[in-house]
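Read from first to last, the chains carry the letters A, B, C and D; within each, the first residue is number 1.
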Amino acid sequence: MSSPIPVPTSPAPDILRCAYMELVVTDLARSREFYVDVLGLVVTEEDDEAIYLRSFEEFIHHNLVLRKGPVAAVAAFSFRVRSPEDVDAAEAFYTELGCPTDRRAGGFVKGIGDSLRVVDPLGFPYEFFYETTHVERLAWRYDLQSPGALVRLDHFNQVTPEVPRAVGFMESLGFRVTEDIRDDQGTVYAAWIRRKPTVHDTAMTGGDGPRMHHVAFATHEKHNIIAICDKLGALRLSDHIERGPGRHGVSNAFYLYLRDPDGHRVEIYTQDYYTGDPDNPLVSWDVHDNQRRDWWGNAVVPSWYTDASLVLDLEGNVQPVVKRAEPSELEETIGADGFSYTRKGETTEGFKLGHQL
Amino acid sequence: MSSPIPVPTSPAPDILRCAYMELVVTDLARSREFYVDVLGLVVTEEDDEAIYLRSFEEFIHHNLVLRKGPVAAVAAFSFRVRSPEDVDAAEAFYTELGCPTDRRAGGFVKGIGDSLRVVDPLGFPYEFFYETTHVERLAWRYDLQSPGALVRLDHFNQVTPEVPRAVGFMESLGFRVTEDIRDDQGTVYAAWIRRKPTVHDTAMTGGDGPRMHHVAFATHEKHNIIAICDKLGALRLSDHIERGPGRHGVSNAFYLYLRDPDGHRVEIYTQDYYTGDPDNPLVSWDVHDNQRRDWWGNAVVPSWYTDASLVLDLEGNVQPVVKRAEPSELEETIGADGFSYTRKGETTEGFKLGHQL
Amino acid sequence: MSSPIPVPTSPAPDILRCAYMELVVTDLARSREFYVDVLGLVVTEEDDEAIYLRSFEEFIHHNLVLRKGPVAAVAAFSFRVRSPEDVDAAEAFYTELGCPTDRRAGGFVKGIGDSLRVVDPLGFPYEFFYETTHVERLAWRYDLQSPGALVRLDHFNQVTPEVPRAVGFMESLGFRVTEDIRDDQGTVYAAWIRRKPTVHDTAMTGGDGPRMHHVAFATHEKHNIIAICDKLGALRLSDHIERGPGRHGVSNAFYLYLRDPDGHRVEIYTQDYYTGDPDNPLVSWDVHDNQRRDWWGNAVVPSWYTDASLVLDLEGNVQPVVKRAEPSELEETIGADGFSYTRKGETTEGFKLGHQL
Amino acid sequence: MSSPIPVPTSPAPDILRCAYMELVVTDLARSREFYVDVLGLVVTEEDDEAIYLRSFEEFIHHNLVLRKGPVAAVAAFSFRVRSPEDVDAAEAFYTELGCPTDRRAGGFVKGIGDSLRVVDPLGFPYEFFYETTHVERLAWRYDLQSPGALVRLDHFNQVTPEVPRAVGFMESLGFRVTEDIRDDQGTVYAAWIRRKPTVHDTAMTGGDGPRMHHVAFATHEKHNIIAICDKLGALRLSDHIERGPGRHGVSNAFYLYLRDPDGHRVEIYTQDYYTGDPDNPLVSWDVHDNQRRDWWGNAVVPSWYTDASLVLDLEGNVQPVVKRAEPSELEETIGADGFSYTRKGETTEGFKLGHQL
């Protein structure tokens, strides 16, 4: 492992929650069709360059910005902090780490005020802000909601080569680990970390990075997620469905993974559990447990392991991707030498495991 | 195609619905665990040799008989007819066809009276009966129902080499086709046929036969099916899940396929549509349409195409299996020369199609 | 009881199912808002005088006709028969009974061909037809479906003073009783009768009649019904909700009763059970059983018992309403002398029963 | 209004969440039937005097203690704090206020360590603790979960004569108001206050107090709540259902109110929204808005307004109940002078409002 990232003496900002992602898309009209016409996110504001979208229970200006650009990538993982002063704290924290930072009193996007953007020690573009325009919380506006209504931004998921190193850094930023995937040799394949008391605000997934694995929106119930699949089928867009729907082992949530027109991965997610107590028990999963990623043991398509979105630096250039040196979860669990089990200790492979994948 | 099966001059019996399946299982205790402890079917009666099970909305004695035997197989596909006289009609119908028949005034199994069993021209063991013991309809007994309560036997599914020949025969028996899968060359890969006004009481699936593809029970809602998956995961029995859950293209129902301890396939199924009008429109699907078997375009595991249960003759011997000579749906849609599409005319293969399967 | 209605020697037509209702509404635009904008029924066709609506799984032209008229009323309860010849059979059947009839080869409304309309011996305007224009079955069109999508016309419900007399007549027309509400003195308060194998195609509810109690559409799941309530709340139209949602005792279905802008009652209904066997067990409920109308014992608002829509004769005049002479279910179960119980034999009244209503 | 409760100079403890309620019940066996056999709460531990129950996603020892006693009442509203030191902070805070306090290093009940109990300035018995025995989080144990599985303790609800005074005090304890019910004259009828980022950890309902209005458990989905009603019907216990199920206006949650064998009110609740941002917008409802308590405008039964459970002091004596002097929500909204509206400004009363209630 590379050397750990130092813990700044400057106190971490008090982060409330993941708040929005700024996504660069190559065809704004096509992305609008996907996020607005198909997924039904609410347009707070839009122009020729960008569309500002929110979920039905949100009262801040947006949870997603789609910005037209030449290369599909993530421009910012943005977190809301508890107070204006926490933006200062974030600036001091990252400055002490020697990270590139950019502070703009007027914000980087519409609807968001004083903001700090940084490239963090893991190579990800992060944003911190408190000030934001309040908009109508449409929770009660059932007349506007489709059968697959997205009600909350739930979490981000980031790909990084060294998960323990990333998690260590995120703990210094005030995050707590709720679940992880490990093996008996001590390799950590992924970890879920949170500020708000759900299973995560973001996760660190082992792989070539920095890349963005997915951004996740929550629905109220499982049938809402099924409705999204049904609608994609009706529109002959079912090839946007990459994986699921299914039940996660990790997080116990019901899930679906979609790919947007640029290949950005979007998860639809519902019903994880409360994690807000400081002694909330860590749940560790064996990488060979076939129910860790899908509680029903359904196959994870390889693209889900291998594909992810590029991320940008503060100048808008694509961040270089570093190879993961540690074992890959895909290879450990599928194919020649890898294996999964349904019941630990049983080695017989059924029709679900092995050559059919 | 082999020569068509002649249409008897004797009128067909008036069949109400698929009523029960008699399944031979090799380990009665293990099968009981699966069907009673996991799936929650109701035990009407049981002894050392057989277990009689019913669904929660049933009032006849049973919908499934598990009988201990040396070889896992289907002993009978049993249909209820409208009157005692219809058993006579069935006897005349099959006798005219020269089929082996066995009539027993006391029935072949507990809870069922005067019955006719035949080996039909397609090689399947069919039963017809009217008399049956009434038992409590447990529809209102929510105190007994699990989260995945099975409320009705919905349909059978049979594997036979020549689908049009099988369907022609079944039409002479009074069945009507509701949906099918075809190609531009005129090959029929599968057809769904009904007596009661749902999409099917049985289906004819092209393949080596006679074999039994699956028996299907209905739940009320989609979350009931998800609950069965969740329970299988909790019991570390997720390898019983073969395919799904998902949305069918054909039938528009929500589905799940399980494999019982002997490998017999059980479908859990909900929400197809009313088909009872005589001019109910036939829905034909293109074999290359990737949404025909799963509306979301999710992969059909090869075992679902290739595996099926043996069936018995009236002496309890395994019926020989005849190879299908026509093209196979599996080969037409997956792999080297086969292909599927999400949008007809588009040839680009995405991550969902092609090499990853 | 009045003398029974004679059984014609002419055979009854073979009725498939309740097919559509023609409703006279006083403000077509307001009714369109309710049925199309709020409930989401599909417009097959419309003009200045009438709107033709269907549910998402229907393939015949319509399930509901809204026709502009001076007095809110029902112009026709329309049933589909199995063949063109069954319209002739219906004509002979009602002619023998001496009922007013009107036969039109071109039909009475758009999309429906050769039809017979009658005023039946109970005073209700009934229609029988086979010919109809086929339209797209939108079952797979999830892109068009709202969270409360109505997928089928399920049943009608008629108010008539003498339930046993009405049921006797309907049995001669080929209907079968599935459930009823009675008391120990032999009074029948309501009965559910069916042709298609659900709990009913229509019901006879004891009261001043002939009047129309409600027309019912089915959804797939319970949350679809809840979604309709939520939407009505969001639109500040919750005063259209008269009763429910709840679980019926009778039929075991989940229900909701709405009142349209003219006061016509519409039920939304889901998940009753299969009744297609000739020996399907009759379910009789005690009129004092507090769970018969609502399985949870929730109060039935008095308007639900007392209000109903007028019906028209073949000239479009309002049919006179005859008082029910037998005991009223409302009075038997609520208030001064009436009573209900949760557990038979227990007389203690809880907060749910008695004075609070 | 009485004079406000002073704000202590001693800092408030950092409260995580409502954690458990200790309920005194008069018949432990009957209460066990209700909470364990019917509602399916998990027994962590039990003896002749008390039963310790938890929900399926809980990892602390219990969420509910049923203790046998002579008078049905609440012995403690218990909150978990962030650290052991926060119990000290709570002690200092209430001691400064002159409240009766009792500190026990070994806790007052099994499974809970060092605890402080107080009678707060509003007369309620509150408990604060950090130490607790961890038990298995049964979130993944779908094999144990019934169709109505309760997954979390969600909130308490307290009855107190002066809502603004109570809320002022609770704000000094670190709570934040999320929603309230008011009128144009400035009367506050109820307020919802939270620590964890849901709509509430407790609510202050205007009425004669101190009394306990209800304790609420969460399910995952709406059908889980319906399943509880269906089961109560099947067991002929529907008279435990007091109000609902329905959709709240306040909180936007789906709800059901039950009464346990002693009359203690239990709410089942699902799907409110995230409130964790410091500028989370307050939602104020007009007391005359007929959708505030039930989004569908369904009637609130009077018992729901008038009945509540007694609370105990630290010696186990019943706290005296003080009358509310301000206007009553029941009288403001129902009956002679009171009124409700569906659409502000419209005065026509429909069948839903007025005399039928």
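FYI, a contact is a pair of C-beta atoms (placed from the backbone, for glycine too) under 8 Å apart; a residue touches a chain by one contact, two chains touch by 3 or more.
Note that the structure is predicted; figures quoted are calculated from it, not measured.
**Q** On the document's contact criterion, could you list the chains that touch subunit C and likewise touch subunit D?
**A** Where subunit C and subunit D share a partner, that partner set is A, B.
**Q** Would you mind telling me which chain pair, A-B or A-C, is linked by more contacting C-beta pairs?
**A** A-B
**Q** Determine the centre-to-centre distance between subunit A and subunit D, using the mean Cα coordinates as centres, and give it in whole Å.
**A** 34
**Q** Report the inter-chain centroid distance for subunit A and subunit C in whole angstrom, where each centroid is the mean of the CA atoms.
**A** Spacing between the chain centres: roughly 50 Å.
**Q** Give, as an integer number of Å, the spacing between the C-alpha centres of subunit B and subunit A.
**A** 42
**Q** Subunit A: which residues touch two or more other chains?
**A** 140, 221-223, 230, 233, 249, 295
**Q** Using the touch rule from the top, collect the residues of subunit B that touch subunit D in their complex.
**A** Against subunit D, the touching part of subunit B is residues 140-147, 149, 221, 223, 227, 230-231, 233-235.
**Q** Mind pulling up the subunit C residues that touch subunit D in the complex?
**A** My answer: residues 221-223, 226, 229-230, 232-233, 236-239, 241-242, 245, 247, 249, 254, 259, 290-291, 295-298, 301-303, 307, 342-343, 350-353, 356.
**Q** Name, in rising order, each residue of subunit A that touches subunit D in their complex.
**A** Going through subunit A, the ones touching subunit D are 16-17, 57, 59-60, 80, 82-83, 134, 137, 139-140, 151-152, 196-197, 220-222, 249, 252, 271, 273-274, 276-281, 295.
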